[in-house]
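Okay, so chain A shows up in both of these, paired with chain B first and chain C after.
And now, the complex of A and B:
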């Protein structure tokens, strides 16, 4: 059984505590940023920014809605990046937590191939081609702590626990959210371990909020091949 | 390496499986564990209160036991009754109060009409502040207003700060400012 994060964006206030706590725990440096007319900062995820609160202003039913989306790796149940890499020294799944972990060995991989494989557009590369993204604070989780982002969240938008427990909480919160947001839905709950609850159409929050066949993440031939053999390979993992 | 019987069975089973599929082109590199140890494992833990606002969130400071005593990590205290582990974005960055290469460690001075900052000594800076406060206060002090009422004030100086002070520090600060005759005493969080 894997661990999951449940993010209720309908109660997110975009305080960015999660974003800063992530930087703080991982000792990641700040980025130079410029004012682009949005409070979202920095503009995108990067090799040094694993967690980013995306902010969009949308007029919905004649009313201005400010949409917040704390973006991060989804730690997919069947991770396309892991399948695309096919090298456990570079990208592996921690069987105890379900976290998809990137190591320094990712520098040997074709970074663009891995990035293209991600339906959520999450991994980012350094100048030398090393890849980085959220590791679900695997060190903390193994030592009985919650991920830094979840610990920091002051509104309860971010939650962490066993997958079953989080799916249950997500369903419960979805029912509550529907009263206020008729279009509320969970994003790919059966496929990912970072489950989002959104109040409006997911495309409004981020282009890659939800995995879709029409966008990125179309399966390449090499990934399809690996997917065929991966159940067998997994069996071999002791 | 010590193996008990059960481990031995597992081990030999895995080895057999490895041999069985090694000819098929599978990559059987061992899964590395990168999750082993927390960076705060051997750190000293001290509780503190966030210095930024009046909410008073509790935090845990992890400092190195290696003798340099540097801060390794600061995060919300899950046992604290106010915040139960949560912090805002400013609170989450508390570590940077001490561990940040961009932090100023010496007083800086920009002369009037200058466009440059220069490093000065603490003694020079404190003397200069005292000298200018005294001069401005003495030249602007009003004992009575236009109606002849006693006011004992100066309106040529203002104080802006400080959110990082605790209750007792604020009392001392207020006492000092009022004794100088300041009437504009403000807190930057309101501006």
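And now, the complex of A and C:
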């Protein structure tokens, strides 16, 4: 059984403690940013930013909504990036936690291929082609701690635990959220280990909030080829 | 806070107004969220749609500075629709009190007004004699419990707010009428017995020329709705720093001594005269009039100051204390005004950054140039310590000698902080102080020793207060926070029998009920007496066990003043017979025995009751003569709907900010609070209804920075989140000025110009005020030229005005006038 993170965006206040906690735990450098007319900063995920609270102003049913979406890797149950890489020294799944882990060896991969494989547009590359993204604080988790982002969250928007426990919590919170947000839904709960609850159409929060919404999630020819042979390859690895 | 952070979870309706809790008190949202999950609606009223508004069930916009109009309208709505809690209002508030027949209010002025003929800064004041209550022949206030007498507070209030009808309120606030009604309807539903509404406010209310009265208006609403003393209710100030409550309790401000005792005035020439002046008298046996104990607290404080040297023969050292001239004011504004005028030689800037934090900061920066010396005690150099090399300063022409004393940060020190909920929490030292930085306690102790040595050596002028000051809070040469904490709690200075019990010399006083006025006890702050006793350091407790009522009081986690009472005025949470208004979320309940319809023994359950007396009534409804009214800190024991103590009137009245966008106040012909304070040097410019400054401006904070940014601007992870000072404006205003989102623009006021990055947003909308469109903009005040290194991100307080509230002299940084132009 994997570990999962459940993110209830309906109670996220965009304090961004999670975003800073992530940088702190991973000792990531700050990006040189400027304010471009929004509170959201940096503008996007990057090789140095694994977690980003996206902030969007939308008029929904004639009412202003400020939507907050703490974006990060979903740690897919069947991770397309892992399949695309087809190299466990570069991208592997920690079976104890379900975390999808990128190593330094990702620099040997075709970075654009891996990025294209992600339906949520998460991995980012460095100048040398090394890839990086959220690692679910796998080191913390192995030592009995929750991921840094979850620990930092003041409202209970971020939660962490066993997958079935988080799915249960997600269903419970979905039911509660529906009273205020009739269109509330969970995003790809069967496919991911970072399960989002949103109050409105997911596309309003982020272009890639949900899998298969837009151009991403398609696979390149090389990935398709590898997928075709992968069951065999898996057998051989065992 | 009358209640505390966790208690927010018990609320049936939360109003966040005058604060932006989601952004500036993020942890509070843990409890706000809990209440909401139980079904409590969250209402947010703010000029700008914030991260708090984003979570609110109801959001209503209002123009900055019009909160009294908004809330005055709510009072009228409550009265018109009979929504007030009748039993509570009649029993526990002064609504039934009769006011002197000469009391009046006409066209914006209460009776007794006198315009200040001098050159200010106060615009005027009141002779309050006509605001007095009528007394019966025993000297007890006359009351009409039917609330019908035309001189009773209830009827006077009704008359006062008759003018605050929806149409007029809408014209002033710019709030949409339907939003206004929705807020009124939702919040006033908490007037029902058993329902509780809470208010979370902060500097959005305090920082106005009518700031105190904004809070008063809400306090009146809370009393009318029966929301004081109950779980999930109260009037809750969210303090702007983790220890603002503690520093206020221990007299950070000029006008008070520790524990809210009064600063002595020149005319209080003896201790007896001082105590007499500030000890209220009540002839009502049902009034606890707790401040009648004043002399016990003042004498115990003097004993703490001067130890063995404080004896009855020298009035316990009272004559050694400095006295403030009658009529003189030494508030922040006045100190910097005096400094600017060259009347101050030296200045300790200790843990603060006035060059960025003070309203009209340009004047403050110029004032610093007039000093002979300044000592900057801080963890980093800041805009204050470096004022002499700041923008526009000419170092060669500045004679101020500046010293920097590097201080340790909070986690490097042991000691306590007191949070907004009055919880004193002990903290331990983490890492050792870095480099040559030292804990503030050490710096103060050494400073005291050196000053004493100087006085001793040179036989200094008026040396007794210095030489006789007790100064022994060290262990092995270092400041000892436990010694200071024990001093604050207090101890018996000789063997003494109190309440029939022998208390040994040197033992810690168990609570302030044991303090004496004869010099046999010492206490550095009566309010904290009970915090560090022979049972140990109460503030270091960490039990997670809740009280019997299970409402999140956690009485054995840390310690709370007074006497660990977690919810103030909790005697008002029960009916006169001692039964909780709310059976499910009760705070206290009477559990004494009764016989033949009369209570025969005293026992209260739950929180520490606001006095352990019998309930006002027996089970059979007869009144008891040995009971006390619940509002024990008030002279008469009642919650004050009529507040004759305030400088600007017993009822809050809407006045426009000193700088406002309208030429007419729709409530009276008085534009500005007639008692406001306004400063008048050439650096104190202001402009109202001036076409050069057509837009309302306000300042605020963001989650990502802290105060003037001294601890956050050098922190790159936080600068990454909020790198630039910005100005938020509506799409409509941006269009009017041809401003594009994200471009740099100039914001100017009658004081200064400030370059900012424009955030053009749907979250600000133009207001319709009267019949005109009024735009508002907002700027965070966390920045200053020292960081980032570009020097381009300056303080928003360069723009803010030289005017303040008459009760507190807190500046009006939340409402002023600006222009915004393309660069």
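FYI, the second predicted complex is superposed on the first by the 223 of 238 C-alpha atoms of A that agree within 3 Å, B and C clash if a C-alpha of one lies under 4 Å from a C-alpha of the other, contacts with A are read in each partner's own complex, and residues count from 1 in each chain.
Just so it is clear, contacts are C-beta pairs under 8 Å (C-beta built on N, C-alpha and C of every residue); 3 or more make two chains touch, one makes a residue touch a chain.
The model shown is predicted, which means the values in this text are computed figures rather than measured ones.
When the two complexes are overlaid on their common chain A, residue A:103 makes contact with chain B while staying clear of chain C. Looking at the shared chain after the overlay, A:89 reaches chain B, while chain C stays out of its contact range. In the superposed model, A:174 lies in contact with neither chain B nor chain C.
Contacts of A:154 after superposition on the shared chain: both chain B and chain C are touched. In the superposition on chain A, no contact is made by A:132 with either chain B or chain C. In the superposition on chain A, A:17 makes contact with both chain B and chain C.
In the superposition on chain A, contact of A:35 is made with chain C only, not with chain B. In the superposition on chain A, the residues of chain A contacting both chain B and chain C are 15-17, 19-20, 23-24, 154. Within the complex, the chain A residues that touch chain C are 11, 13-17, 19-20, 23-24, 29-39, 41-42, 57, 59, 64-68, 154-156, 176, 180. Interface of chain C with chain A (complex): residues 22-23, 26-27, 29-30, 33, 36-37, 49, 51-55, 57, 59, 702-704, 716-724, 726, 740-743, 757-763. Touching chain B in their complex are the following residues of chain A: 15-17, 19-21, 23-25, 86-89, 92, 94-95, 97, 101, 103, 138-143, 145-146, 148, 151-154, 229, 232-233, 236-238. Residues of chain B touching chain A in their complex: 10, 13-14, 17-18, 21, 26-32, 34-39, 41, 73-76, 78, 83, 85-93, 95.
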